[in-house]
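Scrolling down, you'll hit the structures one after another.
In the two assemblies presented below, subunit A is common to both, partnered first by subunit B and then by subunit C.
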Partner chain A sequence: MSSTDTAGQDRQRISLLRVLGPAHVWALGVGIVLVGEFMGWNFTVGKGGAMGSLIACWVIGLLYTCVAMIDSEVTSTVAAAGGQYAQAKHIMGPLMAFNVGLYLVMAYTMLEAADALVVGDLLSSVAGEMGHNALDPRPFVVLTIAALAWLNYRGVLMTLTVNFVITAAAFISIVVLFIGVQPWNPGHMLQHRELLTDLPYGWIGVIAAFQFGIWYYLGIEGTCQAAEEVRSPARSLPYGTMSGIITLLIAATMTWYVATGLLPWEYLGQAATPLYDAARVTGSTALQVFLFIGTTFAAIASANGCINDASRAWFSMGRDRYMPLWFGAVHPRYRTPYRSILFLIPIAVSFSFTGLLDQVITFSILSGLLGYTFMPINMWMFRRKWPLGTIRRGYVHPFHPLPAIVLLALCITTYFATFLGYGTQLLAMMCFYIIASLWFTFHRYKYVRRGDQFTMPWARPRGY
Partner chain B sequence: MSGKAYRPPEQGKAGQIFDSIFLLVLVYAVLFTPLVLGLTGGGTVTKTVENPTWETLGQNPTMAAQWEKLGFTPDSAAEMITTRFDYTIDPVALLITAIVILGYFIFMIRFSEKEYREVINERFGEKK
Partner chain C sequence: MDFWNIFEYAAWGISGLLLLWMLFDAVQVNRDFSEELLTSSREGELEDQSEKHELT
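Entry: the complex of A and B
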């Protein structure tokens, strides 16, 4: 281990570069999530039908509204890098912080795996349409992840500048498809009257659809991970995040409307690349090419942002000794968390190779959901330990504790939704976090410097 | 920072390598293996339809036309159309899942609280 590049061993620690602006934050947030409009959201249709998918989109939108309200208050007050991970360290304690960090890493790494899987599947599918059947998608999976990891290794500014360009192109492809199917002329291309059905499973299917409803928005909170590399966090993070949410709401609405007006729900509910397939049935080669590019770009942008976020979370945990200190290193030349970037590559590649898109996505969703369950508990503790007026808050969210209660209720409902159809996977994920928590508590915690976990200039928490 | 600070032991190279390998093994044993062994995934049932047609598969002419544009015939689309989720709830499995999730959060909150008191005591000093 070199003494020059290892965190904690060198007092003049090499830091990450502060080079990012609001456009990069938008690109990071939307870049990760926009792929959800090109794949994954449609599994809500499989679980609850097309109308069930729309209801899930709205209800989970309420979940994310509660997340945004709670997160705004805590993030604006805990002005430390690391987003929810830093919040957990200051409000709930090291074990919770370790778990929150792990949720972030697993959510983003599994999403990265799903992205690479989609790139491979799409190229294989297009090759099949051109007469080259049985093209193995796995080399494309490896190539995608390896190229993006290299980009991340070399520097964050280039990484997120590339993301800005390809995310914008992917968003434009959705707009082009929406205009191309002439929504002002229903019945010409869009056949909602003939394709929309009643709820195929009744209301229990609607609840079951909440599981993949998370996919419409999962990851937007990842913008907080860039806090340490943003030039002006107070300005860039809210602008980037808010413009990102607006972009996603517009894209989700157009996506649902176009796809359900072109594809039978049974197909849509199982498709790997639903928007590309929607373009195929229009019969327009131009739209098909646009959506091929859009889907590929969206998946690449998402994987790119995921490598960025997962490695930052892993790096932060290494720096705090929650993980081996070796991962807390910054590259002396490129100023990136290069060891964390490299360590997570084999995990992403392996899960991509399974080809099980809905299940890889479910692992990502469950990690995100556990993170959202942490938020209301965290909020209650935050208000109890530092009641209003005892510390300076950047923002105070209204109606407390209503958003926390609604968020917790929706999280519990979404666990139940996942149990419906994916119960074994839910238990596997819980086993993973339980074993990891035991490992941290009874082994890893002894390496953690206690006092260093609290860096905010606040008063002593009430009751301690 | 006040009070007597806890001085953690330095972890050697071998220990760091062991911990890193442990985490990889955990990911592959608990998450990856059930996936590749087919133990996870959508709990679905598939109804077999003999000599399927678009009508017997419950598809109207518009739906049938869209399937055909996607390159499907009634034979090749039958399995996709007749595969449905089975939402029958096993109360025992539901109870076990609920206990596991609740137990996990209770364990995590209690141990976090214990560790948090150590952090606060070291940061602000022991409470008189």
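Entry: the complex of A and C
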């Protein structure tokens, strides 16, 4: 618990606990995302048809592969809680860092609310099928958030170990469904020959599908939030993140293959639980049970990871006084950012009590997208200020600046796609962040102790 | 009152208990430890020497 401060004097300090390994990092990243394979991704089918959905799946997969590569390099060097917030602070400056921190907190808290809503709705539908038609989902929404917040409050090792188990179970349920429909025997269960059509709305439909293609992967960048709690950030973060994106690319492709082979695109494009529906079409009760468990576990794992990530981002902003320092406290026994965890509970509950799942998830996706747009600029500045060989990197991504260029181009395309479907929300979100930036610049920044926020023993950047 | 109604009340009850437990613990920690200690963590304090950000 004790360490030495910058002046060299012995002084007692508490910090977050370094107990995590690559498997926990994988569980954090994949856990947040995997719920998107069970629901949400299928709206790509509604926009672009089955083939348009596959194009969106792989193009957005490329976007997130670039995100994973860039994140792995930068975060293996900027090994601090807050992830992209800490990266922005060191590389781009305070205003960008404040905005990125806010994107992270908003994206994860809203996703957490949406996940809790899903758990409540799933239980309501089970109660409906068993003859109880008026089950109130709200107590289960609150229970999901409260129980997971309690788990997060008590310690990061147990939190992410639980996430590993339930995420692995949810992933296995997708694999079981894939094997269950006998992909080696086309025409027996899978009817791709009959169900796959041309692009029903042409290429503009494919572009429009990009905004929902994000569901396949949204949140993999959350692995960076564990940077201050992994035993070896330079090794664990790249391993966990890259294995996470590989898992998601496999899961997303299997999901698309099974669902489009069992359900017509007109139904799939508006289904609430497409993988569960696909399991029902097979007529196998065992597969149905598997997929129900998988869907529930995926939603719980996602909410769990979101609480972890949102609280770390808020904690880091508090520690640097971008928010009140009070939020930068660490629990002396559990070594968790307990005040940030507690503070975000009522916010998540109020988002979920609105019941507006699509609106909540849209704001979450938009905040995520703003974060991805920052990454290529951040990467260019990082390589320019600290060229290879001037600072130790745990991982160096290949082909720079190609991933950054591809990421920026795909982000711009996805903004256009989002504007087609949710233009008002996109503009509202932009206004929110502009107002928040003005508040930070003209009010909050005077409380920031500018020297105290940079405590890493880094080499001086080139040109400074 | 059927099983599902009891389930609803149980969910409210357990949520309330968990939230109260966390609040109570947070208040106790705030009382027992100084604010300076609780907010003493610093970014980038790496225990493993191999993680140093300088090339040697």
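Following the convention adopted for this analysis, the second predicted complex is superposed on the first by the 405 of 464 C-alpha atoms of A that agree within 3 Å, B and C clash if a C-alpha of one lies under 4 Å from a C-alpha of the other, contacts with A are read in each partner's own complex, and residues count from 1 in each chain.
Note that in this section contacts are C-beta pairs under 8 Å (C-beta built on N, C-alpha and C of every residue); 3 or more make two chains touch, one makes a residue touch a chain.
These numbers were taken from a predicted model, which means no experiment stands behind them.
Enquirer: Is A:V406 contacted by the first partner subunit B, the second partner subunit C, both or neither?
Expert: The answer is neither, since A:V406 touches no partner chain.
Enquirer: Does subunit B (first) or subunit C (second) touch A:I250, or do both, or does neither?
Expert: In the superposition, A:I250 touches no partner, neither subunit B nor subunit C.
Enquirer: Just subunit B (first), just subunit C (second), both, or neither: which does A:V176 touch?
Expert: neither
Enquirer: Considering only touches as defined above, state whether A:H331 meets subunit B (first), subunit C (second), both or neither.
Expert: In the superposed model, A:H331 contacts subunit C only, not subunit B.
Enquirer: Identify which of subunit B and subunit C touches the larger number of residues of subunit A.
Expert: Of subunit B and subunit C, B contacts more residues of subunit A.
Enquirer: In the superposed arrangement, does A:I293 touch subunit B (first), subunit C (second), both or neither?
Expert: Neither: A:I293 stays clear of subunit B and subunit C.
Enquirer: Check whether A:A23 is in contact with subunit B, with subunit C, with both or with neither, and answer first, second, both or neither.
Expert: Touch status of A:A23: no partner.
Enquirer: Determine, under the contact definition given at the top, whether A:L157 touches first (subunit B), second (subunit C), both, or neither.
Expert: The answer is neither, since A:L157 touches no partner chain.
Enquirer: Is A:T390 contacted by the first partner subunit B, the second partner subunit C, both or neither?
Expert: second
Enquirer: Just which bits of subunit A does subunit B share with subunit C as contact spots?
Expert: Common interface on subunit A, subunit B vs subunit C: 325-326, 453.
Enquirer: Across the complex, what residues on subunit A touch subunit B?
Expert: Touching subunit B: residues 1, 46-47, 92-97, 99, 191, 194-195, 200-201, 204-205, 208, 262-264, 266-267, 270, 277, 280-281, 283, 321, 323-327, 343, 346-347, 350-351, 354, 356, 358-360, 363, 373, 377, 415-416, 419-437, 439, 441, 443-451, 453-454, 460-461, 464 of subunit A.
Enquirer: Any idea which subunit B residues touch subunit A in the complex?
Expert: Subunit B reaches subunit A through residues 1, 5-6, 8-9, 11, 13, 15-17, 19-20, 22-24, 26-28, 30-32, 34-36, 39-44, 59-63, 66-67, 69-70, 72, 77, 80-81, 83-87, 89, 93-94, 96-97, 100-101, 104-105, 107-109, 111-124, 127.
Enquirer: Which residues, counting only subunit A, touch subunit C once they are in their complex?
Expert: Its residues touching subunit C are 3, 5, 11-16, 18, 77, 79-82, 86, 127, 130, 132, 135-136, 139-140, 142-143, 145-147, 149-150, 153, 228, 231-234, 316, 319-320, 325-326, 328-333, 338-339, 341-342, 345, 389-392, 453, 455-459.
Enquirer: Under the stated contact criterion, what part of subunit C meets subunit A in this complex?
Expert: These residues of subunit C touch subunit A: 2-4, 8-9, 11-12, 14-15, 18-19, 21-23, 25-26, 29, 33, 35, 37-48, 50-55.
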